[in-house]
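I've put the structures underneath this note.
The same subunit A turns up in both complexes below, where it pairs with subunit B and then with subunit C.
Take a look at the complex of A and B:
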């Protein structure tokens, strides 16, 4: 080996290292960016809270025991102000929109704040609206010793340090309470995503498995089969935004016959079901082909029919592969956005239903990133959830296939 | 004797019945499987028919509502607010960003594939493969968030170095970088499987002739795997053309073009389809389907083009099979 050759080889080799290094660096940069922006935000209220902030006005009718005192369960922090007579603590905080809010940090189980009933007219009037930690207090109305109504709180531009002592000193009974349940959560999208997964698989898995069986057991080696195969290959190459258009032009008129109207989870699911077919068919057929043909031959030789052989012998032997195919499909559904934007709409719902529009987690990210001021924090927090789910699913697929490889070898 | 015979006859009749029923289920299920296969095969045709039939509507309607097809295909201004729909520059922009992104990713993908298959051994190779697989698994919206928060900032700072001001970094260059990142995993995966499929004899022959392992990798193995590499490139380009949500977050949606300056905002076919989402009727809504049809045509032509190029490549190196 000449020296020049050696140098050339080293240079080429270092190029390969640089190329892989770049990809590793990009992956790390993505993870660091997403986690550093979203991790702080990601807590129970973001995971399971509503997206839209809700104003709550509660009234209180019960007499309050004047002599009651409450003790907080654990030493509170310095900036929290406690009302021992009414059993709650408040802290002055800055919310996501950069406004001052007075957030409840502790509400005792027996605090009168737990007995509020909604006073705003509407279907929810009279329903209990217990104030919990995490909500914001804007305004508090109480009756003092002389029977006069007094209003305190942020509404009056008082700090908690100012208004809580007044409440402690003068209040005989709290009568009204204006609060806000802060929004910015992802529960609605999480629920919509789960619905979407369930429905998409319900439509897609049977057709996918049956089509795979067709290609595996029934289709002859002829032009028609070639055509079917290449059509499915082509379907895999169709961009997801085109599936969105298909949902509107092809599937929407069909479900309209069953009374559906406009963008809905069901429309999104049917669209996803078509989008998933190539993945499901390819993976299932591969799983079926990996079943030793001696199994099927033995079953047929024992007198089982083709259907029996397929359902009792071949499919059960291929179950790991089919399970992996479904997991990959789920991971695709979780990550999909373009195919759902037109079919499910972009209105974030707190309580989604199958017949109406909603956003999946991925579409909620898209919505949050649109407009003048993208909400990076919440988008990143949801991205973390998506990433964890998708990577966990992919890891499970790997583990399952490694396990069945091992079993196959044994 | 007679008794046995009667028994036999009875059970024979019973079995015949069972056999018939079982044959019935067999036929039924075989037809169900066939129907499922046909449905799956029909979908792509149905997509083409239905999207196209909706997409041609804006060009057929009544005179004052009609969009001029010639201007639609060649126009250089897209002002939905003024009823001007010139998609020509958008097609060019899409080609520029996708092909440049793909060409940027291709060498990186080939080099990484060589490292994974021929240089790195054991655990390191698995680790590098995992990186590629993880990149492939990241959904496009997450790439979008990253692009909007990091790539655009990078591009903005780079532009500032040259004294160019940008729209917060939203630019062709940002889209190109994003698409390079997004197409890299597909291309690498295909290149890896292509290289793995190259017969061992080629490797041994090259080494026996005195070539170094590195020389063998780049002069023999990679050319022998070019068919897979080309397939990966096509698949990657397909993803780049069709990528919608992430691109639309950073494209900036230029109103006129084409944008030759990499720091200028751009507009792609998909980002055009995603603008003005709140419209649900009228020409602004319908025109999206037309853009979708153009997108399908662009992807199919690109596939045919790469396929033709692949064929020529194969002919040229006919000796290597």
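Take a look at the complex of A and C:
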């Protein structure tokens, strides 16, 4: 008898181990997958670089000093090929879109390349071309001793080891440079996400706090209040894609009055604000309820009005809880994609503005993975950023609530 | 006693201390009436269907310490909360009868509750300072009144803390969080907070029941000092405390006022056998 009971106990216990083990394993698996794919890629150029590659064509009119020689400030690595006459070095690389490129690894401050002016028609025509390490060279045109124009570079299927010596040997004057500033960065989405967070909170936090105060202290406890409260509860359960549809049908006409056209960050923010309201109201009311009623009694007994009591005593005492609610709202905004696809669009922007469409970090992942060639690496790199932000926010919430617990006990 | 006559008396009851002092010289009868802080007339109080107070009629003396005693649930705290209308906060609470203060029934609709509470301060059972600085706690009532002058606030905070015998302990760290003070200090801070509004009356609802004996002794000393300036009504479960600090004692039982009179009489020659039984510890 006892034996059977022991076995039963062990079996039941092992179920609990397995269940919690699976949960922990899933988290570890996600982290391993994301980090192994994205960590290599995650550097300054990905975090703060543009997403769209920029082509640069520049021409050179000044005469170069034919006898100049340049030396790199630090010894170059084996796969870098140096042009001592023109003061730059190039490496054959595979870029974030998996193409072979010739990347500039060093450009001397006095290199003739720095005298290039942009020749592409447009507002930047005639401006100095921005030559810097990290840029790709596709094609170089130069004039040799006999006045003949010669084209070298990846454009001609040459490796750096082939075309740099030709340049060194024959070039008298570089006339044209075709380069590309590589893309694949997330700066635009990062900025758009920050704008989205700021605007969403700007709209939702005041409304959420005042609505919570109303429900907590001012509303009469009758059927109407109960109806309002249960509506808010239900609103919290509405899937975000439905909020997205509501955004384009209901909020869009409103912002149109103020001149915004089509999908934009402002439309996304307003939609997110509506989406966040129920959670904010509920958690703020929760925070207000956790304030000891003795504070309110003391305040009223000192001849404060109900409103003074609410805003001078109860609300400040609930500020940690409200702050936590706002942080959780922020992590909700960072993670949200469905509500933003219709309202902010899926066009990745390098310099987002409030009145035009852009992608948040999460939507950029959606775009990267939705194309014909899913870009796992970049998506994973963005995921790392999202995970770090969300984990940091959650930790802050934990610290804040631990601090206020400690204070409450003291 | 007719209501109109009573009102006339009450009109005088709210007079300044100087006036009441002057009137004592005229006749002992008038002086007694002038020293009334609250006159209660047939006060009945209901929580829904439950009657918590039954036909309470007595005059509460000014500038004395009056103790309310009685077993739990006898209505003594409920009556205390009638004096600053804190029972308004309870949803299904209904009060009948009149409580006159300065000749005005404080239960009438025309009375401004906020104004009443600035004149009738309250100290609670659990010390409940706000989670703000010591200074902000004491200044709170005045700030709500619209006082903004730093000089006025500074003076009020200092004098209130001095009167509450807390100044010497906290004068160097007025900006410290009040919740870090000890329980006894917190309770004295709550008394200072009430004093800052310069009330006539201070209601104390078992102010020492959460404190240790030493802190209790300090609060009791404080109460005997404060009665010079304020009318003090204290609810207490401690017979010895009532005997030590109060001038008058009211004994309540199941919503009835059984006996009210000078503390010495109540404790030494109780007229009612129920009072005697309670005081001698036969029940309660």
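What we mean here is this: the second predicted complex is superposed on the first by the 380 of 410 C-alpha atoms of A that agree within 3 Å, B and C clash if a C-alpha of one lies under 4 Å from a C-alpha of the other, contacts with A are read in each partner's own complex, and residues count from 1 in each chain.
By definition in this document, a contact is a pair of C-beta atoms (placed from the backbone, for glycine too) under 8 Å apart; a residue touches a chain by one contact, two chains touch by 3 or more.
What you see is a predicted model; the values in this text were computed from it and never measured.
S.K.: Overlay done on subunit A, so just call it for subunit B and subunit C: clash or fit.
M.R.: On the superposed model, which is not a single observed complex, subunit B and subunit C fit side by side.
S.K.: Return first, second, both or neither, reflecting whether A:331 touches subunit B, subunit C, both chains, or no partner chain.
M.R.: A:331 sits against subunit B, while subunit C stays out of touch.
S.K.: Check whether A:312 is in contact with subunit B, with subunit C, with both or with neither, and answer first, second, both or neither.
M.R.: A:312: touches subunit C, not subunit B.
S.K.: May I ask you to decide whether A:403 touches subunit B, subunit C, both, or neither, giving the answer as first, second, both or neither?
M.R.: In the superposed model, A:403 contacts neither subunit B nor subunit C.
S.K.: Angle at subunit A, subunit B to subunit C, CA centres, as a multiple of 10°?
M.R.: Between the subunit B and subunit C centres, as viewed from subunit A, the angle is 60 degrees.
S.K.: Taking the superposition on A as described, I'd like to know which of subunit B and subunit C A:242 touches: first, second, both or neither.
M.R.: Only subunit B is touched by A:242; subunit C is not.
S.K.: Check the residue A:23 against both partner chains and state whether it touches subunit B (first), subunit C (second), both, or neither.
M.R.: A:23 contacts subunit B only, not subunit C.
S.K.: Who does A:388 touch here: subunit B (first), subunit C (second), both, or neither?
M.R.: In the superposed model, A:388 contacts neither subunit B nor subunit C.
S.K.: More residues of subunit A are touched by which chain, subunit B or subunit C?
M.R.: B
S.K.: Please work out how little space separates the C-alpha atoms of subunit B and subunit C at their nearest point after superposition, in whole Å.
M.R.: The answer for the closest subunit B-subunit C C-alpha pair is 8 Å.
S.K.: Determine where on subunit A the residues touched by subunit B overlap those touched by subunit C, and list them.
M.R.: 305, 308
S.K.: Show which residues of subunit C lie in contact with subunit A when the two form their complex.
M.R.: Interface residues on subunit C, with respect to subunit A: 84, 86, 89, 114-118, 121-122, 124, 126, 128-132, 140-141, 143-145, 179-180, 190, 193-194, 197.
S.K.: What does subunit A use to touch subunit C in their complex?
M.R.: Of all residues in subunit A, those touching subunit C are 292, 294-295, 297-305, 308, 312-313, 316-317, 407, 410.
S.K.: Taking the touch rule as given, give the residues of subunit A at its contact with subunit B in the complex, in rising order.
M.R.: Contacts found on subunit A: 1, 5, 8-9, 12-13, 15-20, 22-24, 26-27, 29-30, 33-34, 37, 206-211, 213-215, 217-219, 227-228, 231-232, 234-235, 237-243, 245-246, 248-250, 262, 274, 277-278, 281, 305-308, 310, 331, 334-338, 341-342, 346, 362-363, 365-366, 369-370, 374, 376, 379-380, 383, 386-387, 390-391, 394.
S.K.: What residues on subunit B touch subunit A, complex-wise?
M.R.: Where subunit B meets subunit A, its residues are 22-23, 25-26, 29-30, 32-47, 50-51, 53-54, 107-109, 111-112, 114-116, 119, 128, 131-135, 137-146, 148-150, 181, 184, 188, 212-215, 217-218, 235, 238-239, 241-245, 249, 270, 273-274, 277, 280, 288-289, 292, 295-296, 299, 303.
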